[in-house]
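Order of writing sets the chain letters: A, B, C and D. Residues in each chain are counted from 1.
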Amino acid sequence: MKFILNSGRTIRQGKYIENKLSQGYAEETSQCHIHPLDLLELGVEEEENILVTNAIGEVVLVAVADEGLPKGMVFVPYGIHCNSVISACTHGTGMPDYKIHEVEIVPTSEKRKTPVELLEQLGGVRYAGN
Amino acid sequence: MQEIKDMVCPFCGCLCDDVTLEIENGEIVATDNCCAIGNAKFLGKNRLKNPIKKVDGKWVDITYDEAIDTAVDILLDADRPLLFGWSGTHGEAQCVGVHMNEILGGVIDSTTSVCHGPSILAIQEVGHPGCTLGQVKNRADLIIYWGCNPIEAHPRHMSRYTTYADGYFLDNAFRNRKVIVVDVRETETSNVADEFIRIKPGGDYAVLSSLRAILRGKGDMIPDSVAGVTKTQLIQVAEMCKTCKFGALFFGVGLTMAKGKYKNVRNAIEFVDDLNRHTKFTLTPMRGHWNVYGANEVMSWMTGYPYAVDFCRGVAFYNPGETTAVDILARKECDACMIVGSDPAAHFPHSCVEQLRDIPMIVIDPFQTMTTTLADLQIPVAVTGIDAEGTAYRMDGVPLKVKKAIDSDYPSDTEILTRIYDIMLEVKGL
Amino acid sequence: MMRVILEVKEQLKPNLPIEAECITPKNFLDPEREFHVWKGNKELDLTDIFHVRKDGNAKSAEQVEITIRGDSSHIKRVGEYMDGGKIIIEHDIGMHCGNFMSGGLIEIRGNADSWLGREMHGGKIICHGNAMDYAGSGYRGEKKGMRGGLIEIMGNAGDFAGETLAGGEIIIHGNAGDMPGVDIKDGRLTIMGDCSRPCGNMAGGECRVFGTAYDMLPTFRNEGPTTIDDVTVTRFSGDYTSRGLGTIYVVNCKYMD
Amino acid sequence: MKTLLIKNAYVIDPIQNINGETMDIAVRDGKIVDDVKNPDEVIDAQGMLTLPGGIDSHTHFSGTKVNFGRYMSPEDMRAGRTSRKGDMHATAGYSVPTTYGNSYRYAKMGYTTLLEGAMAPMEARHTHEEFRYTPLQDCLANTLFDGNWFALQAIQDGDIKRLAGVLAWYLSASKGFGVKLTNPGGTEAWGFGKDVSCINEPIPRFGITPREIIVKMIEANEMLNLPHSVHLHCNNLGKPGNYMCTLDTYDAIPDLNDKRQSLYSTHVQFHSYGGSSWKDFCSKAEDIARSVNDKPHIVIDTGQVMFGKTTTMTADGPMEFNLYRLYHNKWSNHDVEMETGSGVIPVQYKKKNLVNAIMWSIGLELGLLVDDPWRCILATDNPNGAPFVKYPEVMALLMSKEYRDKEFATLHKSTGKRVILPSLERELTWNEIAIMTRSAQARALGLVDYGKGYLGEGAEADIAIYPIDVATTDPTRDYERIINGFSSTEYTIKRGEVVCRRGTCTPEGNHATYWVKPHVSPKYDMSTDSTFIDDFNRYYSIRMANYPIGEEYIGRNVCMETEASI
């Protein structure tokens, strides 16, 4: 199904902002809020994983029901997960379209990755010392 | 145990300065008056202990001296370094950063470009009718939150300055004040509003234009529905705005990141300008990082431009969309990078993150961040507001001294940057 | 007649932008002139970037024709302040091509990056491919953008084409992106294809959309049908956020209701 | 112990009554001394006009609204950019240059001391941060009190001593220098979008009039024994017919100080307007000058307008809104809770605009009609009337009737019917120009006791050496030489160090911040006054504990301590 993806700050994401290696941050930023009726239509239960894709990339997130959203819109907290599908195009303004991206969502049995795993996939190296 | 009062919280642009900290054995053990986010920051433990350098794809621990030399080498070798971040540090360090950028011939940009950069572009076109937050607290009987969600992003904004804050002319704020929330979705904030306007994504500009036309007496031409908002509601809101005694419009990245970007903000500013012909109305961007406004202030007085300043040719050049971090990274237009007090790997689109991976990158940050994994060097520093001090500017431009609560062995951002800068001056014979 | 051929050499760090505002016909009239270009923070000689070939003589800029060959997509500010003569760009060109241009012709056979003809005063730019954002626009904080001359784009234009347009003409043969002609004050903007949200906050001037204007702003008043060159169009006045002194002609439009 | 000898200088030093003598000036350790043996450095100033360093007693160069002017004006920035050169940092901007731009350009003109005309105390920290990056001038800042709730409350309560106590606390807390009133009462009314009409209309909430505010502030100011008088931006700035309000204000001013003026009235050009609308707008400089001539306890600065682009900025929020409605240019406003307001708007003054041409004439008329140059200071209210780099042109206009006539001929044709400028024959002398650009400022600001504004023994060695040979220059004819000569010194010396040589500046100038600290009795010490503390923490949005500026913000500084009579 096609959706408009909107990303933004949540208080939990904010709490973990100086502690991004934590499980809490990984949990929070890999959530995808969806209207319950859309979930129904997707055939996905809450806490099941979904695959979000567009021309930019793809990412596995976990579905969270949210009645505050209009149908057809999903909300993902700021973070490396949602950035997987955000284009770097700024329309000459310096600012990417963090609030409005068209995405395709399907159910998936794939596992979510942690932020560090996503970065390792991009070539990052975790510092394990200290 | 020691209690320190009136401390300043270094998290968001509210810069709450009434925080109480409890100190035990040189550590902060509890906070009072803080929101959940501020509390987490004050009690955070995950500091990087020493500088680290990536050698052959593996991290090794190094000394501060070695780290500083490496940083100097990386930056002086570059043909177009990008110095990015700055919102998470104090003004004194930002000043050193500007001086450094000037002799390096690099581009200096702050996280502004991915938060309220578009607001600044709009202000540069039409100005900014604003005020300090106490003016709102004491006087405003109408508050609009447009494209922002303070309960999640600025948790004490409503209790300190608006909805729940009693002021001189409003002894019962909650009853005497009306709150309008405009958003594309329901949020915690919209749930406490007197009036919620739900706009279709990308519809802000059309709604603001319609409100302006209604103010000008051209309501007849407005169709029954504009971007999901009924004409009835538009007329009602315009009337509420016109007839209040003091209105304050706060807006967030819901406006700056949506389609049309700064033109949305410009329309909001001109709406407020128009309202000032009827009553008193002000507008304030909900700045995110605790000192992102400070980065704009420092760069303005030192370079003439608030962010995204390109010094490659010696004179300052400013053109967001071209000299902004996301554009430079996505177009691969820099060949080295220094990140101070920010975590772009967590917040930038992946194509930008790939460029960060491909060029030499220095990170100056107290914590291991997402960006750390892609860096070549990280230098840990003290946290301003905890074990370092310095100046910060609140979202309304009020400067505060962010004090330190405890001592530590970590150098401050200013100390580290000054050491790097001094060696550069020496190398360049300046 | 003088012909100058500038062929881009292969570059180390090929993505770093090069600023070459020295490339204007007039500058080649002076045989003694040194040509400096900037690549990042390094000042280089023109010959570090290009193979330069110069044939013939010229007495005025009008008699100079410059051809740029090779990958010039990262070369910015070509033709800035150009006041006569001709520049032909065989492939793509970087940002700010023809800034402040007041005369002559720039022909781009490929695509143009953003800010094509920013604050142009006169002369002509033809772009055979697409132009990115802000074609024929203004500068940050400045009230007026392009004031004269002609920009013709045979392909599509990005967002904010003709932003703060205050004179002259822009013709886009393909589609334009979002908000063409936003804050337009004077001049004429023609879009042969589609676009979205044309001319927000229009204070004057004229815009013609021969395709569909999506998300048409509700603050323009429908003044009924008319024809342009035998094409039936609807005339709108606006923007009524201000005094409504501008005119938009559109063939089709859709609102966001 | 660095020593410097300036030989053969042609000195004009009005404070010492030296009007054109060739002499040597000896400097040791930043101060002027009788003589130095084997000086470390010798400057031959043969044939060069040598004056005390210039002092700008009303300029906007640092702080929140100035920086907002920069922030909102990339188009102004690109009008004046330089790159890093030697020790000089990069600069940008024309009407609102960067801090280094201000400092270098002022230094080039021989200015060594600057008074920021308006600092909101709540945002004082910002002003002081910018002072740090204005390295070649001593900096001072006037603290704004026009809408201060505690001050207005004390006036309403008729408690002038408490008013003085409030002023004392805020001045020390903000590290300010003087008491500034901008449209007194008007900025408080602007809190709800209103303004006051003149000095006799009660203001909202407090019910007191601007007249009471002005008079009581002057009384309180004198109780504190401050070096400077109250510094007033009158009500009704920029409105046709406002000269009546200005005259009423002047009539209300008491004469309370025998050492200096009791009132410094700033940018008076903007307050000398006749007519009832822009249609019959005209000059009333004669009436204003007559009033000033009659009142030795009033000093004015002219607030000259010069043609071209600039940026207006003032704490007078409502005035800027009126200007916005007039010009429809971008408008910024910034109310400061419980204290004051501010606004910023770019403007362009045009010769062919009748109103602008009249404004230009009024400033010059004031300079020529006020008899006593000690009470008529040359300033443009930088950058409101024009950027300060225009000062040399203003000097030349005042010194040359021929130049004035030449310029006047290029103005809007009807200007002559609305002004009397062409009939004024006076041409100011070298000595008078020296007075109006430094000596009068030093005296009006009370800085002579601190070694400013003269070149006698014990004075600070702030010296401007201009490449102007007075013997061979006829200022009434050679106005181009006047402009060029005053635009760029041969040497600008700050505390004994050459900080600028033909426009090339050094990075540091041993500059200092001057601030006042009035000592009051415990009864009037607001830092321990429970009502003050409670109301402060209730109505401000920051805690009182976080308000005062620490000394770490002011670096090298001169604390001017005074004993208050309360």
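As a convention for this text, a residue touches a chain if its C-beta (ideal position, glycine included) is under 8 Å from a C-beta of that chain, and two chains touch if they have at least 3 such contacts.
The structure presented is a predicted model; accordingly, all values stated were derived computationally and were not measured.
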Centre-to-centre on C-alpha atoms, which chain is most distant from chain D?
A
Distance between the CA centroids of chain A and chain B (whole Å) is 22
Measuring centre to centre with CA averages, how many angstrom lie between chain A and chain C?
38
Counting only Cα atoms for the centres, state how far chain B is from chain C in Å.
33
If I count partner chains per residue in chain D, which residues reach a count of at least 2?
72-75, 78, 329
Where does chain A touch two or more other chains at once, residue-wise?
91-92
Could you list the positions in chain C whose residues touch two or more of the other chains?
114-115, 133-134, 139-141, 143, 178
Listed by label, touching pairs are A-B, A-C, B-C, B-D, C-D
What residues of chain D sit close enough to touch chain C in their complex?
72-76, 78, 329
In their shared complex, at which residues does chain A touch chain B?
4, 6, 8-11, 14-22, 56-57, 67-70, 73, 75, 78-80, 83-84, 86-100, 115-116, 119-120, 122-130
Looking at the complex, which residues from chain C come into contact with chain B?
13, 15-17, 19, 38-43, 74, 95, 114-115, 133-134, 139-141, 143, 178-179, 182-183, 197, 200-201, 215, 217-219, 221, 239-241, 244, 255-257
Chain C to chain A touching residues, read off their complex:
114-115, 132-134, 158-160, 177-178
Where on chain A is chain C touching in the complex?
91-92
